[in-house]
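What follows is a pair of complexes built around chain A, which joins chain B in one and chain C in the other.
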Partner chain A sequence: MKAVRSAVALAALAIAPSLLAQGSTADEIAKYRAALQDGNPAELWEGRGEALWKQQRGPKNVSLERCDLGLGAGVVKGAYAQLPRYFADADRVMDLETRLVWCMVTLQGYSEADAKKNPFGNGNDRKSDLEALTAYITSESRGVKMNVPMRHAKEAEAYRVGEKLFYFRGGTHDFACATCHSEEGKRIRLQDLPNLTTAEGAQKAYTTWPAYRVSQGELRTFEWRLYDCFRQQRFPELVFGSDAAIALTMFLARNANGAPFDAPAIKR
Partner chain B sequence: MADPMKIRATTLGDSTEVKVLMSHEMESGQRKDAQGQTIPAWFIQNVIVTWNGRTVLSAQWGTAVSKNPFLSFKFKGGAKGDRIAISWMDNRGDKRSDETVIA
Partner chain C sequence: MRSYARLGLLVVTAIVGGGCATALDESETAAKAAAALKASFRPAGQAGVDRLEQDETQRVCSLAAGKAPPKDVAAMIEQANLATIRYPADGKLLGDWKNGERIAQEGRGKQFSDDPKGPVGANCYACHQLSKGELSFGTIGPSLYQYGKLRGNSVDVQRYTFGKIYNSEAFAACTNMPRFGHKGILSEQQIKDVAALLLDPASPVNQ
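What follows is the complex of A and B.
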């Protein structure tokens, strides 16, 4: 009897590690993130972005402090939690990055090409002002509940287009965003993929971008996330600030409504 | 010139905890660029932290320290309002100094 019992115990021990493995991978990554959260280098981008926001720059030598991010000229606090949104002056739905480009053009006098020539930084020699500004402005929405509006017809249109794009299959691999992001428990290598068709999944994903990517040593924005997803699914290059990028952002941001924004975060 | 450091220093009981984020490439010298050329090593070599002018930490770093390093340590003593100054120098001779007061 004793022998039988210990055999059963042994069998249980043998099963336990493989059962634990799946849950514990995610747990360990969560622990890793928590350990890094304390010294998140994203703060370096936030600091640089705040200085850029206040600095007089461009052909007109003015700061961005009069830039209207949707809550009135110069209001930064909580602005990101209500983006993308329709802006009457531009007659267009804009996400944060697109709006920053708009302000750099209209307030500071940059050409549009100059304003968006370096959306994603690469090391010390090619630091991106847009990433730094995005880090600063998003950090001012930390803890604010996502509340993306859908009052204007163009906001509703952007949402619908974004939804279509999310489910649109194409490219050499016949891939859609939904191929990876519409089921529970999917992953790439060890990285769990959020199910973006549920409110919980969209909230968890959207509220944790921008993020410092430890593996790249760079802060990455939501536009970058979409850009890189398009690359991974072998789609044509997603143009920075394009209607497609904004529509997808609108779809996911709106789905994240109700959750407190919690970025810039830190990711693997 | 490198970007400013982010420094936090807080006193808890009889010791002070200092947390610093530094902006630096910390190139290891082991990587190659797209043309196959070795990217030269470029890293912070010396770090000195002072508390009201008195050195509380002095470190020599190598290439194994990550990009944008985070340094956290505690020392005995320190009171609210005391000055914490941190400076580093890298192997190219670039320097950066920043300071804060203990909260």
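What follows is the complex of A and C.
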């Protein structure tokens, strides 16, 4: 693991942003990602997640292999490309992370608080089982076209609420998601910003999460992406698996429909 | 001020435009979104859930959903925000550009992860080009390189610059730029320093 991390760090150093000319930054980062794709450390999370999925755990000592992610009990292949979606048993629209918590509670007998208590790893020794499980499940949708359903009234409602939240300005700085993500070709410092109001922008962004973040030495899920965006927006803390998190995910995932899913990816 | 309170309605009418059903859906979605927000955030560090309570400008600009608000609405937003600007009592509008450069570089402040006693910056470079020497700048806002050189250093320009940093909504309704003075992000002295970074002939911005 240490060897992987230092190799990644070296690669990052080799193209330190200050050495890059302005115009070619995006190209260089694309090359850098391509170079790392073969040895993406996200595989370590995927492997651990697969073991967790199959392992008998929790008060009821059963595996998650009977968990229904939307395509039937135990069907993992392609499931993430059709999430979030409405689940009749929970009478709620759920994203993958929320559904995993649901299965840990209903199948394995964990309390909801226990299942949710460590949603994000700390980039060091405190690893998150939910991030590992998410890495495994999402990897089983690689190459599958995004096809998020909008048949149920609650799915349509989640999409509309998500859109509303995308434009919600608040906090000390008046920021909304849209402040940074509704125009083409913009960046913060040298970081390119996806325009999430276009199909192309949403597809490129959404299909590349989860991702191994080189700067953090950690695999990050889409829920983490939202959590950390709100932190930088100067909002209070987004609650894991909350209605706002799921609605925003619905808005962005649905906008990404039609594009092949391509994660876990690797990002700076 | 009374007409300002009706802004939201004006914007919804202007944007939704067609039929009662759409307007009803719109208000139902707005109510659901408000409920979702309330249930989905918790206080952390220095960021309380009161940060989700919108003022009129935030509310109206959210309704505009990334588009420019109608002209009369924009004029009302600008007028209401203009009235909030407190110019320095000592009449001095420019501070020290070197401090201004530090404030422009500083990205910390007001996040729940930030030390409440730590520095609070303006992070100008996140969105603007300023001095030629800093290559790591964003493009959400326009380039401000040679800001003073192009505009001169008259009292009117100084007043506009101080005011724009203090409350940007006074000059461009629903701009992406924060209201640094009005929302208590920067102190009066910090705003003077950033204004100096933009206008002082010795500042690297004007080289």
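The definition used in the following text is that the second predicted complex is superposed on the first by the 243 of 268 C-alpha atoms of A that agree within 3 Å, B and C clash if a C-alpha of one lies under 4 Å from a C-alpha of the other, contacts with A are read in each partner's own complex, and residues count from 1 in each chain.
One rule holds for everything that comes next: a residue touches a chain if its C-beta (ideal position, glycine included) is under 8 Å from a C-beta of that chain, and two chains touch if they have at least 3 such contacts.
The model shown is predicted, which means the values in this text are computed figures rather than measured ones.
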{"item": "Side-by-side fit of chain B and chain C on chain A, or clash", "value": "fit"}
{"item": "Residue contacts with chain A in the superposition, chain B compared against chain C", "value": "C"}
{"item": "Chain B versus chain C as contact partner of A:72, first or second or both or neither", "value": "neither"}
{"item": "Touched partner set for A:217, first chain B, second chain C, both or neither", "value": "first"}
{"item": "First, second, both or neither for A:143, with chain B first and chain C second", "value": "neither"}
{"item": "Chain B and chain C, minimum CA distance [Å, superposed model]", "value": "12"}
{"item": "Doubly contacted chain A residues - partners chain C and chain B", "value": "none"}
{"item": "Chain A-touching residues of chain C, taken from the complex the two chains share", "value": "25, 29-30, 32-33, 35-37, 39-44, 47-49, 51-54, 57-58, 61-62, 64-66, 110-113, 125-127, 135-140, 169, 176, 178-179, 183-185"}
{"item": "Contacting residues of chain A [partner chain C, same complex]", "value": "17-18, 22, 157, 160-161, 164-165, 167-176, 178-180, 182-183, 185-191, 193, 197, 230-232, 234-239, 242-245, 247"}
{"item": "Chain A to chain B touching residues, read off their complex", "value": "36, 38-41, 43-44, 47-48, 123-124, 214, 217"}
{"item": "Footprint of chain A on chain B - complex, ascending", "value": "3-4, 6, 19, 21, 23, 25, 66-68, 70, 72"}
